[in-house]
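The structure appears below as structure tokens.
Chain naming follows the written order as A, B, C and D, and within any one chain the residues start at number 1.
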């Protein structure tokens, strides 16, 4: 089964998710610069979620780039990832609207990030199993330290929300920074592979 | 006529349908965990419809994967399917907002699922006729027991709504479970075909 | 310049236009069958516009299928068509919400259909000029009687709105029926061409 | 790394941005022609932004058409451009809703156009660096006079908003006119290149 429609459908869904978040930027009450100030938490939430969804798209791109075909289980693992991604606009909005002060919106945001990370890991594991342990992808992913650190950070961040929601947010930003650089492992391996005949 | 634009357009429409449903998850009133509780019926509706639309995308993928070209009638049969799919967000929202207690929202949800199933069947029949009765697709679909059971379930579920809406919902979940597994018949036949020269 | 991205972008925009119209189907006030009745004009508008946008997608598909490359003027003629298509959801909503009783919403709906038809004609003319008067496309389009009848019908329909809005609507439905059948001229010519070496 | 998914994702995001702006065309209060009159600033904003987003899509199309592959930095530069494009619907709406009278909405609109222009320039610079200074793309872009004039115009327009918002708007329209013609430099160079063996 070819991977092209899987990519096209995922691109469509991720493109919509990343764009409909902007619909939550409601019109400010006034027409001067001050009227924009109360919007900063909603805007900051938007920026963070835009970066996160962008990271997922980038990594999804890299992950599927290295593979050759897909099967039914992979289709559903991909749909499962898209499901959790589709909830990002909701939690972004709730967290932004609560001005980062409230515990539960920050916790739920972390929970959705956590579920996305788990869904991504499941997809990666299924892809590696499908391609074989000696495949390009399996080598490229190797020991997934980034994924492990992210999962740990999300758990700690959720717990820290009861201490200070700003600590949780700092951890969310940290994870985004870790992932910001696209998965060079795959890129480098692919490059090496192309050099080797 | 090539099938690639038909796939691209369908992917786009289905991606939008599956994603705009999340816009109905309105912000909760408060900022604590309790404020999320009244949202569970809307969320449960969302999950069920996400799975259903995902199933349609998966099966659409399999159906078109096996064919080589399309004609004008197939283009319109596909548009007809997309029309009924496009009504899923509306009935999802109505059913969720009525907390599954009311008869008519549950009946209408079933009716839209039924019309989707009929539209899918029409598309499949036209594709088989276009490809020929001896084609890969015709063999792969064979006697469409899943489709027949689904149609029967939808009729029964609609009738049962006057007894208990929860019985109807149980049947909707059952049909989703039946279809959850992508159409292995086509997958297996294709695999066999590739082995045979 | 290749036509593939033009097709992909147009597919995306048309897919979004055809789908966001469903967001105008607001939740009914009650939970019984009667509460759906006041929605019929909005729903009827939706169905008509879905068919119209579907017709444009189908014809766009056929039009671009027959060509080999595009230029800057064609890119903008296509964007011009997408602009007028993007206004369809607005006029659909206004006409539906006014229950087809009011003159201006029906007139504006016809005006937007007219502008779409003109934009489509401009695109077709530019494509024929680009491909050459002896090209497959030029032969296939031939004397565009469907296009001419449509333009005439839109003008008459707009005028008739002051007599009865239902006459205008009847003409809109008539034009949709004329176009419903995809452009067999192109399909047939292409088929003939493939037979001839 | 191939450029096709980058194109597909960008097409999706730009298609959604250009289309969701129409959701801001709220239903008029009445059903006659007069009730449309108060909508003209929102509509005029919509038209201008539609043209701007169309220009970005056209130029993006041309820019990526000339290249062969992408890297991680280019993926993020593209995401950065999409981020600023995604804010266009918000500022369009704010400017339209303030009827072009207020200074800050017009300033913010110019600022978002400016950031888009900067993001586009960064993307173009990274692409030229990736392709090499002797590449087709580097030659085609040459000394980017259009880009420089645009940047200057945006700065002047933002400053002029305190004199008259209509002067700012005139400059925004002027820049749109400059860019309206797709980047013939690239088109011509490509054409020449194809003639030369």
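Heads up, the rule we're going with is that a contact is a pair of C-beta atoms (placed from the backbone, for glycine too) under 8 Å apart; a residue touches a chain by one contact, two chains touch by 3 or more.
Computed from a predicted structure; not experimentally measured.
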Superposing the C-alpha atoms of subunit A on subunit C takes a rotation of how many degrees, nearest 5?
-> 180
Compare the two sides of the subunit A and subunit D interface and say whether they are made mostly of the same residue numbers, over half shared, or of different ones.
-> different
Between subunit B and subunit D, the Cα-mean centres are separated in Å by 38
Subunit B to subunit C: how many Å between their CA centres?
-> 27
Expected list for subunit D, residues touching two or more other chains, is 8, 12, 15-16, 20, 23
Mind listing the subunit A positions that touch subunit B in their complex?
-> 1-2, 5-6, 8-9, 12-13, 15-17, 20, 23, 71-72, 75-76, 79, 82-83, 86-87, 89-90, 93-94, 97-98, 102-105, 108
Provide the residue numbers of subunit C that touch subunit B in the complex, in ascending order.
-> 7-8, 11-12, 14-16, 18-20, 22-23, 25, 27-28, 31-33, 35-36, 47, 50, 54, 57-58, 61, 65, 180-182, 184, 187, 190
